[in-house]
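Shared chain: subunit A. Partners: subunit B in the first complex, subunit C in the second.
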Partner chain A sequence: MTVAAPVETAPPRRAEERRAGPLKRIRRSYDQFWYAWAMCAPVVVILALLVGYPLVLGVMYTFTDATSLNVGHTIGVNHIPDTFSWVGLKTYLDILSGPDNQFWPHFWWTIIWTVSCVTVTVSLGLGLAVLLNRQVRGRAFYRLLLVLPWAVPTFVTIFSWRLMLADDGVLNSLTGAIGLGHISWLSDPFWQKIAAIAVNTWVGVPFMMLSMLGGLQAIPAELYEAAEMDGASAWQRFRHVTLPGLRPVSSTLVLLGIIWTFNQFNVIFLLFGANNSDSVQILVTYSYKLFFGQTPMDYARAATVGVLCLSILVVFTEFYRRWIRRMQGAQA
Partner chain B sequence: MRRGIAAAVLATAIAVSASACGSSGSSASGSAASAGPVTITWWDTSDATNEAPTYKALVAQFERANPNIKVNYVSVPFADAQTKFTTAAAAGKGAPDVLRSDVGWVAGFAQQGYLVPLDGTPAAAEKASFEQQLITQATYQGKLYGIPEVTDTLALMYNKAIFAKAGITAAPTTWDQLKADAAQIKQKAGVDGFDFNPNSYYAMPFLYGEGTDMIDVANKKLEFNSAAAIKGINTLKDLISAPGVAKLDTTANGYANIMDAFESGKVASIIQGPWETTNVFKGSSFTDKSNLGIAAVPAGSAGKAGAPIGGHNLVAYAGSDAAHQAASEKLIAFLTSAASQTTIATKNATLPTRQDAYTSAVTANPGIAGFQAVLSAGMPRPANAQYSSLYGPFGTELTKILTGQESVQAGMSNVTVQSQKLLPDYAAQ
Partner chain C sequence: MSIIPTKPRVRGRRSLLASLGLHGVLALAAFIAAFPVVWVVYISLGAGEFDYQHPQRIAAHPSLSNYSHVLGQTDFLTWLGNSAIVAAGTMVIGVLVSASAGYAVSRIRFLGRGTLMYTFLLTQMFPVAVLMVPLYKILSETGLLDSYLGLILVYCTTAVPYCAWLLKGYFDTIPVDIDEAGRIDGLTPFGTFWRLILPLARPGLAVAAFYTFITAWGEVAFASFFLLSPNKLTLAIGMKQFISQYNSQWNYLAATGVLIAIPAAALFYVVQKNLVTGLTAGGTKG
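Our next item is the complex of A and B:
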């Protein structure tokens, strides 16, 4: 990862530091910022314990065939010894070659789920933010109303949706009344997916809207005035003033949205349960099921799916970051 | 790289929260001082509204008789209990001293070392009074790990009034007949004739009806993609799409929805066990208890009807200290005594596990009498510790088969591939 700016544009002091050895640089930085180091230390130690250690363990499990049956444990008088063995990349090969049709259907659904959710929440959030950024009567009231879904605890929201989407729920009475017939939102594999995306949109839009609103308010009004003077239409103002002005906010929002949606456990798990809805499970809920939701618990496969999720996100984030940097570079 | 703690922290790595899952109860295994009152925790998995009061009353009675023992009664939903207990036991804390365990879980728990053998303890003192088959089911590698508390099997429960309205006088004895009856009921009585709970356990009669099971232990073979099993599942698929059969409910509320529909007379028949009879008798259609018909599950083309024998055993957790274990054994002995079983049976309409508990007061209960009559169609589980784990993959694929996402053949092949991970030395067909 290259973090430093290109050498020729860097100030001379930076270039000098670059030439010094890493140890020396650390020492210099320590002399200068020892209090910062001291303040960071507890966090670093805790992060290493809470994230680093399990991560390393998890990665190690992916190379074994560990399940709850063969991992050693002692319970009272009973001592069960470790009997799991190293199997190298076998677990990865097993999952990725997919002889049991388990991983790839979940993978493709996770991608579709993430892309559609993020597209819908970001566009809706942007639309609502633009709408609310104008001087309308009762603006504070609308904002409050639109933030409500976000303020309610997620499980309450999702359980109310579960009631509304049920076969004899409000939504089906509505679709029945307007002649669309009866839709099995919570059991038909296709409609399950639509319902999942809709509920996640409901949960995700308020945050997107608030952040976009913040971004919009940071765009100087003079730019709009100038554009208007030049005879720019409303669409042109949106396209050439609003969108570029929002970019620092929106690029972060999209990245966050993708990571959150990819790992959105609550909506899927609470809306459908884990038993009769295999086709709507995303990778994280699938991994959860392998670990906690079945007997014997399959540590190795759950960890492998987890590590695959992590790798996908890390690779994606890196590409996305580069792409954003290139875009910003091109613009400047 | 070892121990339950490793397993627990691994959860963080796979981005799920372990904290929500395994923290309840306190068996306080540290307070080893054997004198003075001992508090033991009991996880009961019976229905919290209808069945639990009976157990709570028994616990109070037990505490009066044993002033040195306090029982911390915890009602745990049956659907979560297996996972919850495994998580707590694997983590080494939070597990109860006594658990009401499904008979199918016992071998798996024993294999993982979670349970203490009860041979020779007060809990097993009256071992000879129990149904021998149930004792065999609670035994793993020659040791007795559970004392049978209640037993059950699946039967066809039907609404006699609706059947009569459609002009049908006898319960169907084959799946074909059930199909014909359902159509007739829909036509003449205007309600659905049959509703199926899309769960692997409830699909077992369709395998037994073709003379097969999930596995063949004697020949070490997986039976899922055998011709007989495929035929059974085809029969099921055919049945649920037949006219007069309710639309399949695969939502998270499915089980409750089916029971509501049956209790309120919107569905004429279901496949269900005795644990629901108390609920059923509370339904608007069954204020007259004699309206509930209980018949053996219909037979398949092999001409044989078969339903899984289920039920619950009381087991003791191996991680408790000696004082807690002694108290647990007393509680288990008390709850499975003839007197307690008679109380449970009369109040909850579940089936006792010992002959001397079938008193005339017990058999006067129409729910029990009905189920006692169909127990002979019960199929015991084969002796295999992984057998119950097979219900998991089978259930997942069954839903996909029944909702048309997979063909019967493809779905059953997928179950076979996944089952081979659990039983590597078993051959596929």
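Our next item is the complex of A and C:
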């Protein structure tokens, strides 16, 4: 869990190892490396102080019963010291097997949410990128409109979605007009989930589409020409030229998409708020709710859910990278 | 710049039906993409508090009174200023820091390089909730709570690793010969970076700048937690004042939303030509 910790010390420590090597090599490598380290130093310092150190603190809280009442704070000039106590793995056990059993429903919904959002976003992004990569009249115009959701700040567009999804909003007038009746997008547990996935897709497609478009443009046209000469159909060209050509781009995009969606705070928080609608909260917003949604704020449990999220992602990423590497190996 | 956008191939003439289908799909997608944005602009023209429930009334009496109220009667301009400071600060610090790191990672096989790249990826995985409490403590102990700098630094933690990754990919596409030529002409490594490479990396930098700006401009969770005094609120938080438990002034919210979207959209318009090339380089080399 202290994954980021070694990084703070890694470059300098290894620098010393380097210096222990043959003199000539040191001189040459120092000559090459000193400015590399100097250039990375600001990033390393920022990450160490504002990510590494807080992470260590956050992990520490998961082994305590810290709440906003017993964590040290300052009121005016009086400083009240920490009074929380260590409870070991109790918070983890409580959450994973707790009597309220809050964790697992959120967990499964987070998985469904991530898988469906990423699948839909990536396929739509790819589909639109393929269409935009053709010679179409008004290509620039379509592209401009299609990336609009990315250009406008999320909280503004999600606010617009709330207006549209509200009980008397424009989408319900539409479903009413075509005879589908009234849908409680923002309060019915099932439709909340559909709405959340739809809005997140809407928010996420532009980035996927543009990145895929860039990837498509990097595929040499000769490959298509050769495939066409060999009599490959449009589908075969897509399957055997486009998809493999996109793999370097798409494998990164899918990974980032999964990480970002798993941690997607804004969409759910802004669309439904943190306190209502329990069934639509993913782990990240659930953790936020443990923190802000109650008094006293439950630091320990919020941090524990956060650490669990992080662990899931780290384990997943490790497997994913191995899988990609194996696939690339098989391809070569 | 090895990625030269290839011209779309002309593959014979498309049949009329295929052409209609293509335009139909693109038009539908563009409509869905643009509609929520257009809708909020439209609602913002309704003067009455409940006009959003009767959109047809707005067309009959469009009015800019919401805008004049928001601009004149509320703290909107203060929030705008605050957001601008925070977003611009994040953009400048974030791009400088991530560009130099990205350049070093791209050019030099120094020890610790792999670890650093992996850390960039790792920081994308951090859920807000783990860092929230500790960051609050750290900021309050260093006196950075309720300050612009504190918020800027917090935003940099999420934006910088991604941008460093993106820019590393972009620098990879700039030939190393250029660096070597610079060195021969007597430039220091920093001089090479600053005077030769950065100007060439403009598309990549534009995307990074856009990304960092948008990250800070639209952030809600940290801002609502780390900013305390009313005169320091950013737009996303200030806007919440129009919503109370019993009364949501949707008309003002809509107008504020539009006003907030304009600078972001303007910046977007400036960088949009670079978006495809800038993004790709990062993706392919990631």
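Here is the rule we use: the second predicted complex is superposed on the first by the 293 of 332 C-alpha atoms of A that agree within 3 Å, B and C clash if a C-alpha of one lies under 4 Å from a C-alpha of the other, contacts with A are read in each partner's own complex, and residues count from 1 in each chain.
Just so it is clear, a residue touches a chain if its C-beta (ideal position, glycine included) is under 8 Å from a C-beta of that chain, and two chains touch if they have at least 3 such contacts.
Quick caveat, the model's predicted, so the values are computed rather than measured.
Student: Is subunit A touched at more residues by subunit B or by subunit C?
Tutor: C
Student: A:Gly214 contacts which: subunit B (first), subunit C (second), both, neither?
Tutor: So A:Gly214 only meets subunit C here.
Student: For A:Ile112, is the partner it touches subunit B (first), subunit C (second), both, or none of the two (neither)?
Tutor: Touch partners of A:Ile112: none, neither subunit B nor subunit C.
Student: Taking the superposition as given, does A:Tyr61 touch the first partner, subunit B, the second, subunit C, both, or neither?
Tutor: A:Tyr61 contacts both subunit B and subunit C.
Student: When the two structures are overlaid on chain A, which partner does A:Val156 contact: first (subunit B), second (subunit C), both, or neither?
Tutor: Once the two structures are laid over each other on A, A:Val156 reaches subunit C alone.
Student: For A:Leu243, is the partner it touches subunit B (first), subunit C (second), both, or none of the two (neither)?
Tutor: neither
Student: Figure out whether A:Asp82 sits in contact with subunit B (first) or subunit C (second), or with both, or with neither.
Tutor: first
Student: Output check: A:Leu69 vs subunit B and subunit C. Expected answer is one of first, second, both, neither. What do you get?
Tutor: After superposition on chain A, A:Leu69 lies in contact with subunit B alone.
Student: Check whether A:Tyr53 is in contact with subunit B, with subunit C, with both or with neither, and answer first, second, both or neither.
Tutor: Both partners, subunit B and subunit C.
Student: Quick check for you: in the superposed arrangement, does A:Gly306 touch first (subunit B), second (subunit C), both or neither?
Tutor: both
Student: Which parts of subunit A are touched by subunit B and by subunit C alike?
Tutor: 50-51, 53-55, 57-59, 61, 71, 74, 166, 263, 265, 284, 287-288, 291, 299, 302-303, 305-307, 309-310
Student: What residues on subunit A touch subunit C, complex-wise?
Tutor: So the residues of subunit A touching subunit C come out as 3-4, 6-7, 10-11, 14-15, 17-18, 29, 32-33, 35-37, 39-40, 42-44, 46-47, 49-51, 53-59, 61, 66, 71, 74, 128, 131-137, 142, 144-157, 159-161, 163-164, 166, 168-170, 202, 205-207, 210-211, 213-215, 217-221, 224-225, 228, 248-249, 252-253, 255-256, 259-260, 262-263, 265-266, 269-270, 283-284, 287-288, 290-291, 299, 302-303, 305-307, 309-310, 313-314, 317.
Student: Looking at the complex, which residues from subunit A come into contact with subunit B?
Tutor: My answer: residues 50-51, 53-55, 57-61, 68-69, 71-80, 82, 99-102, 162, 166-167, 184, 186-189, 263, 265, 271-273, 275-279, 284, 287-288, 291-299, 302-303, 305-307, 309-310.
Student: In the complex formed with subunit A, which residues of subunit B make contact?
Tutor: Within the complex, subunit B touches subunit A at residues 1-4, 6-7, 9-16, 21, 82-83, 86-87, 89-90, 92, 105, 108, 111-114, 116, 198-199, 247-254, 257, 317-321, 386, 388-389, 392, 395-396, 399-400, 403, 405, 414, 417-418, 421-422.
Student: Which of the residues in subunit C come into contact with subunit A in the complex?
Tutor: Contacts found on subunit C: 3, 5-11, 22-23, 25-27, 29-34, 36-37, 39-40, 43, 52-53, 55, 96-98, 100-101, 103-105, 107-108, 110-113, 115-116, 119, 121-135, 137-138, 140, 153-154, 156-157, 160-161, 164, 188-190, 193, 214, 217-218, 220-221, 236, 239, 250, 253-254, 257-258, 260-261, 264-265, 268-269, 272, 275-277, 279-281, 283-286.
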